[in-house]
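Right after this note come the structures.
Shared between the two complexes below is subunit A, which pairs with subunit B and subunit C, respectively.
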Partner chain A sequence: MLEIVIASGKGGVGKSTLSSTLALILGKNGEKVVAVDADAEAPNLHLIFGVKEWEIVKDYREGWIAKIRYEKCDNCGICEKECPFKAIKLVDDKYVINEMICEGCLTCSIACPQRAIYRVRTSSGLLRAGKTPYGFPIVGAKLAVGRPNSGKLVTEVKNLAKEIGGNDSYYIVDAAAGIGCQVVSSLAGANGVILVVEPTPASLNDVARLHKLVKHFMLPSAIVINKADINPDFIPEILRFAERENIQYLGKIPYDDKVPESLILMKPLIQVFPESPASKALIDISNRIYQEIILNWREWFRRYKPAKPEPYKPLIIRPDNIPGG
Partner chain B sequence: MKKVSITGGKGGTGKSTVAVNLASIFSEYEETVLADLDVEGPVDHILLGIRLANESPVEIMLPFIDYSKCTSCGVCGKVCDTGAIVLSKEGKPFVFPRLCSGCRSCYFACPVKAISEGRRVLGYTYRTDLKYKKLTLVTGSLIEGEEHTSPVVLSARLRAEKTAKNLLLVDTSAGTGNTVSIALEGSDLVLAVTEPTPLGVHDLRMILELTNSMGLDTWVILNRAGIGPEDEVQKVVEEYGARLAARIPYSKEIVKSYVNRKPVVDLFPSSDISKIFRKLADEVKEVI
Partner chain C sequence: MRIAFAVDKPKGLDSTIAGRFGRAEYFVIVDLDENGGVVKVEEFRNPGAESGSGAGVKSAQFLVDKKVDAAVGPSFGPNASAILTELGIKTISMAPGTPLKEALERIKDIHT
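What follows is the complex of A and B.
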C-alpha cells in the first residue's frame, strides 16, 4: 500500500490531469488502484473519468451551526462582539447569524448571558464512492457551500478509500489548491508527493510554499512541469529550486489543445488522444512514477526525503499573568 | 465604499488576472484597494511586480491554563470542538496549539476562570501602495503549516475595508467553503470567473449556489472562451439568475503579462484583451 499525493499549491495547473493519468497507468499495469479526490470544495476528478453515478453517497453531519432563541434574546450584543469569525450582525434590530460564515463553535452560546443561543447539527456535505469506467474505484466528497473544516471531510474521504481499497491498493490522492486544512489532511499519512508546477513566477511561489508543508511531514517529493512551453525561459529557475530542495525532476508536459478537448468529452486525455504531445509526456512521466517511485519506494524515500525537517514551531505570545510551562 | 469580489470555485480559471487588471483600470480614476484574500497562495503582488510591505501579524487567542486555579473539572475539554484541549486521566487539561482555532469557548466556559488569553500568530497581512497608481494592495498570507485559514482571511478583509475609501476589489481563493464566503461577505457585486469545461461549469454551479444563498448579485466571466462549447455555462447562468458579463478568449498577451509581472492592460494597452477588461470595468462602474 502506498499513498501518493498530487499537489501544486496553485489551482488549475494540471493536478487532476496528472492524477487521472497516473491512476490509469497503474491500472493498465495490473495494479490495484483507488483514485481519491481530496478537494471537497471544488471536486472535479470524477468529471475527468466521466463518472456520473455514485454507488455510495453518505451524508456527512459533523458540523454545527449556532441558532438564536429570540424570545430570550435581549439584544445585548455580546454574541456579536465575541464571535471570533464575525458571523453575527445586527440586522433590522435583530441579531442574525450568517450561516455561510458560522463555524459552529460554542463561543456565542457560552458567552450569552441570557442563554439564548444554542447550536444544531448541520450537514457539512457528502462522502461518495463509485467506479470509474476503467475498472478502479473513485472516492470523493462535496462540502456544503460556505461550510468550514473541509480538511476533516478530506480525512473521511481517505478513510473511506482505504475501506474500499484495503491494504494492497495504491492510492492516488488529487489534492486541493492551497496549503490549508484540505492539503494538510491530504499529506498526513501519505508516502510521497508529486508537485505540479507551471513555468510562471506565481506557480513557483505557490509550489515553494506547499513544499515547506511537505517538509513538515518529512515527505520526499518529485516535480513535473506542466504547460512547459508557455514560458520556457523560466524553467531553469524551477530546476534550480528542485535541485536545492532535493526534489526529483520527472519531466515536462507541453501545452496541448487536446487537454481541454478531452475534458469536454469527459474522458481521460490518454484514452481519447493517446498520440497527442501532452498524452505522450503524461504517459512517460506516469511510467517513471510507477517504476522509479512506486515500485522502488524504499530507495526513492531514502534518496529524496528532505535533507532537514521543517519542524512545526507555533509563534506564541504568552499572557502576562501565567508564569512557567 | 463599494465592494466588488472576484471568485470562481475552480482554481486557475483566471481570478487573479481579472482582479489585477480591473484594479489597474479603476485606480486610474480613483483610489482603489485590491485585497488578495487567497491567503494560502497570494500572488497578486507577483502579478503586479511589487514587494509586500507594512507587515502585521494575524493573532488568534491561545488558551493558557493556570493550574493553581484549575479544578480538573473537564469543561474546557468538552467545549473544545477541534481537539486542541486534551484531558489527562485525572481531568487535567493540556493544550495543543496547532489544533486550536482560537474560538475562546474554553475561556468563557471555565467556571473558575483558570484560562488566560495568550496569542498565536497564524499569518500576516500586508499593505502595499503602488508607486505609479492610486492603488493599494492588501494581502493576507497564511504561515505554511497552519491550517486555520479563516482568521487570516477575515483579518486581511477587515484591514482592506479599513483602508478602502471608495472602491474595494477582493480576490478570493479557489473553493466554495467558508474561507470564500468570509471574503465575499458584504460585496455589492460578485464576479465569478470560470472556463467552458465540465469542471469549470461544475464549480461555477457550486459558487453560484453560495452567492445566491448569501444574496449577492453575481456576474459570470467566461475565461478561455473558445476552448469548448458554452451552452452548459449559459444554462447554469440562467438557472441561477446570474448574468454572463464578459468573454475573455485565450490569449498570448495574458500569458506574457502573467510572466512579466505587469497587468495586461498596462503591458498591452491597445490589445483586444485590454479592451474587454476596460468594457467590463465600465459596466461594473455603472452598476455600483
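What follows is the complex of A and C.
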C-alpha cells in the first residue's frame, strides 16, 4: 500500500489530468489502484473518468446548528440579545435562527429560560464512492455550498477509500488547490508527493509554498512541469528550485488543445487521444512514477526525503510592525 | 518525564503509532521515572480527531493541558509543530505502526 498525493498549490495546472493518467497506467499494469478526489470544494476527477453514478453516497455531518422548539418558546427575546453572532431575529412575531449565520455555539440554548433551544448536526456535504469505466474505484466528497472547508472530510474520504481498496492497493490522491486544511489532510499519512507546476512565477510561487507544507510532513517529492512550452524561458528557474530542495524532476508536458477536448468528451486524454503530444508525455511520466517511485519506494524515499523539517519560525505581530502591512 | 503517543487504537503499551498526529483517534500518555521505568499509562480520546478544521491546534492544546514533556507521532503538521515547539514540548517522529514498547526503548536510548 502506498498513498501518492498529486498537488500544486495553484489551481488549474493539471493535477487531475496527471492523477487520472497515473491511475489508468497503474491499472493497465495490473495493479490495484483507487483514485481519490481530495478536493471536496470543486470535485471533478469523476468527470474526467465519465463517472455518472455512485454506488455509495453517505451524508456527511460536521457542524452544529441551533433549533427552536416553538411550542416551548414564549417570545421573551433573550436568545436574540445573547447570540454572539446576531443570528437570531424576530420575523413575523417569531424568533428565527438564520442557519447561514448560526455557528452552533449554544449560547442561546444556555440563556433560554424556557429551555426551548437545542442543536442538531448540519449536513456539510456528501461522501461518495463508485467505479470508473476503467475497472478501478473512485472515492470523493462534495461539500455543500458555503459550508466551511474541512480537513476532516478529506480524512473521511481517505478512510472510505481504504475500506474499499484495502491494504494492497495504491492510492492516487488528487489534492485540492491551496495549502489549507484540505491539503494538510491530503498530505498527512501519505507516502510521497508529485508536484505539478506550470512555467509561470505564480505557479512556482504556489508550489514553493506548498513544498514548505510537504516538508512539515517530511515527505519526499517529485515535480512535473505542465504546459511547458507556454513559457519555456522560465523552466530553468523551476529546475533550480527542484535541485535546491532535492525534488526529483520527472519531465515536462507540452500545452495541448486535446486536453480540453478530452475534458469535454468526459474521457481521459490518453484513452481518446493516445497519440497527442500531451498524452505521450503524460504516459512517459506516469510510467516513470510507477517504475521509479511506486515500485522503488523505499529507495526513492531515502533519496528524496527532505533533509530536515520546515523550521518553525515564530510569527510575532506588533502594532508597529504588521507583517505585510 | 511525561510522553504522549498518537495512536489509532488505545491498547495501553500495546498500542501502535498512528498514521497521523492531529487526527489520531487516541493519545496514550506514559509517565516515566528517572530510570525510564513506566510509572503510569493513561488513554485519552483526541479532541482534534473530531474537528472539521484546526485538528493540529486542538490536539496540541490538549497535550499542553495534559502537561506532557514530549509528543510522539508520525509527523507533525504546521500548526501542531508550531504550538508544541513554542511551548517547549519536544516533537519526536516515528514511523506509523511502531509499537509503543519499541518507541519507548528508542526514546530512552536518545534521552537518557
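The rule is short, and it goes like this: the second predicted complex is superposed on the first by the 255 of 325 C-alpha atoms of A that agree within 3 Å, B and C clash if a C-alpha of one lies under 4 Å from a C-alpha of the other, contacts with A are read in each partner's own complex, and residues count from 1 in each chain.
As a convention for this text, a residue touches a chain if its C-beta (ideal position, glycine included) is under 8 Å from a C-beta of that chain, and two chains touch if they have at least 3 such contacts.
Just so we're clear, the structure is a prediction, and the values are computed from it rather than from any experiment.
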- Message: On the A-aligned overlay, A:Ile264 touches which partner chain: subunit B = first, subunit C = second, or both, or neither?
- Response: first
- Is A:Leu47 in contact with subunit B, with subunit C, with both, or with neither (first, second, both, neither)? first
- Query: Does subunit A have more residues touched by subunit B or by subunit C?
  - Reply: B
- Message: On the A-aligned overlay, A:Leu24 touches which partner chain: subunit B = first, subunit C = second, or both, or neither?
- Response: neither
- Given the touch rule stated above, what does A:Pro309 touch, subunit B (first), subunit C (second), both, or neither? second
- Message: Tell me the contact category for A:Ile117 with respect to subunit B and subunit C: first, second, both or neither.
- Response: neither
- Task: Determine, under the contact definition given at the top, whether A:Ile230 touches first (subunit B), second (subunit C), both, or neither.
- Result: first
- Message: For A:Ala242, using the defined touch cut-off, is the partner it touches subunit B, subunit C, both, or neither? Pick first, second, both or neither.
- Response: neither
- In the superposed arrangement, which partner chain does A:Ile289 touch: subunit B (first), subunit C (second), both, or neither? neither
- Who does A:Met100 touch here: subunit B (first), subunit C (second), both, or neither? first
- Note on the structure: Overlap of subunit B and subunit C contacts on subunit A, residues 148, 150-151, 181, 184, 213, 216, 310, 312, 314
- Query: Which part of subunit C faces subunit A closely enough to touch in the complex?
  - Reply: 19-23, 50-56, 74-78, 81-82, 85-86, 93, 96
- subunit B residues touching subunit A in their complex are 9-13, 16, 38, 40-41, 43, 46-47, 57, 59-62, 64-66, 79, 81, 97-98, 101-105, 108-109, 116-121, 142-145, 147-151, 154, 158, 173-182, 185, 195-199, 202-203, 206-207, 209-210, 213-214, 224, 227-229, 255, 258-259, 261
- Item | Of all residues in subunit A, those that touch subunit B in their complex | 9-13, 16, 39-44, 47-48, 64, 82, 84-86, 98, 100-101, 103-107, 110-111, 142-143, 145-148, 150-151, 176-181, 183-184, 199-202, 205-206, 209-210, 212-213, 216, 230-231, 234, 257, 260-261, 263-264, 266, 310, 312, 314-319, 321-322
- The answer for subunit A against subunit C in the complex is residues 62-63, 124, 148-153, 155, 181, 184-185, 188-189, 213, 216-219, 309-310, 312, 314
